[in-house]
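The structures considered in this document are given below.
Okay, so chain A shows up in both of these, paired with chain B first and chain C after.
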Partner chain A sequence: MIKIFIDEQQVEVEEGMTVLKAAERAGIHIPHLCYHPAFPPEGSCRMCLVEIEGFPKLELACSTVVKEDMKISIKSARVVEARKAVLEFLLAEHPLDCPICDKAGDCKLQDYYDEYGLFESKFSETKEKREKKLKIGKTLILDQERCILCTRCVRFLKEVTKTQELGVFHRGIDAEVNIYEGAAVLNNYTGNLAQICPVGAITDEDFRFKTRSWFLKEGESICPLCSRGCNILIEYHPGFPRFEVPRRAYRIKARENPEVNGFWVCDRGKYGYSYLEEGRADKIILNKIEGKDVLTWENISEYLGEKIKRVSSAKKTSGIALVLHTWLSNEELFLIHKIFRKGLKVKKIFFADLPQGEADEYLLTSETSPNRRGAQEIGFDIKAVNLDALAKGTDFLLAFGPFLSGLFSLKALKEVLSKVKRKVLISSYLNEVNSLFDIVIPAALIAEKEGSLTNVDGVIQSFKPALEPPGESLPEWKVLADLGKELGTDSKLFEDLNSPGAILGEMGKEIPFFKKK
Partner chain B sequence: MSLEFSEKTKKKIEEIIARYPQKEAALLPVLHVTQQEFGFISAVQEKMVAQILGIKPIRVRELVTFYTMLSRESLGKYHIQVCTNLSCHLLGADNFVDYLVEKLGIEPGETTPDKKFTLSKVECLGACERAPCMMINFNYYGEMDPKKVDEILDGLK
Partner chain C sequence: MIKALGYFIEIIRGILITTRHFVVNLFFHILKVLGIKTKRKGAVTIQYPEQKKEVASRHRSLHRLMTRKDGKPRCVACMLCVTVCPSECIYVEAAEDPDLEIQKYPAKFIIDLGRCCFCGFCVEACPEDAIRMDTGNVDFAEYSQQDLIYDLDKLIG
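And then the complex of A and B:
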């Protein structure tokens, strides 16, 4: 560690670090456009110029390495003047169409102009006309007028995807980013380009003109669409559903996590967010019920507990069957394991997940659910659903998830399930199989609840709710914890398991894999 | 259109590649050889070069469009590049260009119909001591005047 001074503030930093990184580590932001932490410094935008004592000229913070006792000024008059000049040149050819630009409100060039610019431009020449809506990928639109040639996109395609669909052609005032002869940007990570573009040059048709970025709030979550567990931000409209907007989630962004996904998210995770709202179940569905007329979240575990107790005392536990899936969190799977597998010794436990998909060679895995590894570590033997075995001698079926309908025909399911006396489904979706169950309880999705997931490499990642669950939906862990209490197998323990954090703590005590490292 | 390098050029390219620890480093000299063979570098040549060097055609396009000495269009047999930068300008480069325009019957940037000459105005050729100067292909000619230019051009077959 060495010490440097940034605007007289003493900062301890690692040797070999650049000024920009060192400042960032100390919580000081140095303006920059072309620099991105995923790539080596480029030094083309000149926004990060800083004054260093003993250096005759201003230096680039992104590529200058710190030295012991270095005295750096990032706010001196010289630096501010330089920033202003750099901005003036960057804006000399920039169209300033911010009112119709999708990036407005989210644009670093706009922010910096607001902070350091605010000048009358000395350029009176007409700006060059260039392509304004060049379709360069599945959903990507390139506006060459807005481009400031930072080459983040070019470097991303060269260094991360190694597909090199974009290049910089010509030079000087004619320089432009473009694709090669109609060969569009086609890979599984194109969505990141719109995110890393610091200006509005690359925009995304998936988001373009749908809303304005300043209406959106963001919530941290984990992508559940494969077993990588990429860290994401869900940008949603907080007005939903109070006032009319067609949807609540508008955009998924990658959230930095060097251990799992770096700075990126694949296109499936980026664009496949319709699962958050399409066909969601938001009310408890009662198809067939005896005794009570009203079933709410408050008495649902009581109801389930009573049914389970009745079956288990009469027929032992061979009368109970479970269908699970691996979108359930570690905590939920653990509670199920504890209550049913260990407590009631239920043997008929099956898993219904989406079939495996294609993996790519980077982030996307072939598993299409987020927590298969967690289920394995908890001790489940992951068996696919066998309908005959499931129904044979079963009086009570508790099923989770919507995936049965994708695996079997409705007819086959109807035939088999009609043999089961009582059946309850806990699912987030309105689905054709719902009609086959006595009760369907709406459940929250990973984006709407708290818990943790174990990714394909065994990394345990906790998440908090990013969105409100719709209607009456509640997280499964809650109904399971209540059910545990109700069944009285170990009611004192379940009394304490009143949050995912507490459940994970208990897991750590029982299963070494989940012990906090 | 399927084109191939001549055997002679292929050999030359192999020699060039062998000089560098990485194949991509040979890109610029290989482009010069390619231009010598075909007279220009269009998409077809870009792909040929990319294939030989194991890189993407887009990388070749980046260089071809950046460097003014690489041409994307067919040039005449003799490429006349006249310097119009400061020293040459002061010593009458503009008149000299006018003389060439009149003599060849083409504007700067154009090629004669018989494909013999292409005329270009360029920035400093780095030979100010011999201003006004010009290049014909890779040869330098300095202290130009109309008489000298007549002699030189008439001597070119």
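And then the complex of A and C:
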């Protein structure tokens, strides 16, 4: 560790760090456009100029390495003057189409102009005309006029995906980012380009003109679409108050986590967010129940408990069958493990998950569900659903998830499920199989609940709700914790299991894998 | 009883004031008819629905959306008016225009005049001078709230 002074504030930093990184670590922001922590410094935007005592010229903060007792000033008159000049040159060729630019609101150029600029342009020349709407990839649109040639996109494709579809062509005022002739940006990580572009040069057709970025709220979550468990930000519109537009997710952004996904997210995670809203169940569906007319969240565990007790006392536990899936969090799987496997000694536990998909060599895994590893670590034997074994001698079926309809035809399911006396489904979606069950309980998705997931490499990641669950939906762990209390299995354990955090604590005591490191 | 008497006194005072104004104004109008010039003039009102006063040039009246030369709305659906509106009465939905010089235009532009407080912030915020409140139209009362919701056609027309 060495000490440096940033604007007379003493900061302890590691040796070999750049000035910009050291300042960032101390919580001081040095304006920059081309620098991105994932790549080596490029130094093409010149926004990060700082004054260092003993250096005759202003130095680039992104590429100057700190030295013992270095005195850096980032707000001196000389630095601010230089920053203004750099901004003026960048804006000399930048069109003023912020009103129609999707980046407006989280554009760094806008922010810096607001902070340092606010000048009238001295350039009387007309701006160069370039391509305004160049389709460069699956959903990407390049506006060459807005580009400030920071080359973040070029470096991303060179260093992360190693596909090198974009390059900087020509020189001087003619320099432009473009695709090579006959080629397009076609890899599985193109969505990140729109996110790392500091201005609105690369925008996403998926998000284009749908809303403005300042209307969106963001919530932190974990992508459930493969077993990597990339950290994401879900940007959503909470719903326009007057014209009653419902809550809607507009885009997914990658969230930094060096342990799992770095700074990136794959295109499946980026564009596959329609599962958050499409076909969601938001009310308890009662197809066939006896005794009670109204089932609410308060008495549903009571009802389930009563039915399970009746079956387990009459027929032992061979009358109970479970269909699970691995979109359930560690905590929920653990509660199921405690109640049904340990408590009731249920043998018929099956897993209904979507079939494996395609993997790539980087983030995307072939698993299409996020918590298979967690289920394995808890000790579940992950068996695919066998309809005959499922229905044989079963009086009570508790199924989770909407995936049964994808795996079997409705006819086959109907035939088998008609033999089962009582069937309850806990699912987040309105689905054709819902009609086959007595009760369908709406559940929250991973983005709407609290818990933890174990990714393919065994990293346990906790998550908090990013969105409000729709309607009557509640997280499964709540139902299961109540059910555990109702059934009286291991009453000492279930007494104070009121949060996923507490459940994870209990898990750590029992299963060494889940112990906090 | 004494309280009720107080009311009567006030009513009579009111009648006297109205009568005084009537008589005084009548007096000055008669003098004008007779051609006698006085410093004070009799009060004048206008026959409102038939006759209308011109509103001041900075008066904020019913909104209108400006159009380009070819009749397309000037609005680019940047939604700054939606953002700034304190009564949340504007709703805009953007769409893609094939013209590269325009790119973005409003597919829907709705103002709920029943909610509007005529602050004029939308006019101030607009970067394209696409919305103005200079129609001079102040009598757009309707019998149902639904009729006060103005869409793109009504605002341009």
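Simple rule for what comes next: the second predicted complex is superposed on the first by the 508 of 517 C-alpha atoms of A that agree within 3 Å, B and C clash if a C-alpha of one lies under 4 Å from a C-alpha of the other, contacts with A are read in each partner's own complex, and residues count from 1 in each chain.
FYI, a residue touches a chain if its C-beta (ideal position, glycine included) is under 8 Å from a C-beta of that chain, and two chains touch if they have at least 3 such contacts.
Just so it is clear, the model here is predicted, and its values are computed rather than measured.
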item: Which of chain B and chain C A:E120 touches, first, second, both or neither; value: neither
item: Contacts of A:E298 with chain B and chain C, given as first, second, both or neither; value: neither
item: First (chain B), second (chain C), both or neither touched by A:K132; value: second
item: First, second, both or neither for A:E181, with chain B first and chain C second; value: first
item: First, second, both or neither for A:V168, with chain B first and chain C second; value: first
item: Dominant toucher of chain A (residue count), chain B or chain C; value: C
item: Partner chain(s) touched by A:R208 [first = chain B, second = chain C, both, neither]; value: second
item: Touched partner set for A:E68, first chain B, second chain C, both or neither; value: neither
item: Touch list for chain A against partner chain C, complex; value: 97-100, 104, 132-133, 208-212, 214-215, 240-243
item: Complex interface listing, chain C residues touching chain A; value: 76-80, 83, 88-89, 91, 94-96, 100, 103-104, 110, 112, 115, 127-128
item: Of all residues in chain A, those that touch chain B in their complex; value: 164-171, 179-181, 183
item: In the complex, chain B residues that touch chain A; value: 43, 56-59, 61-62, 65-66
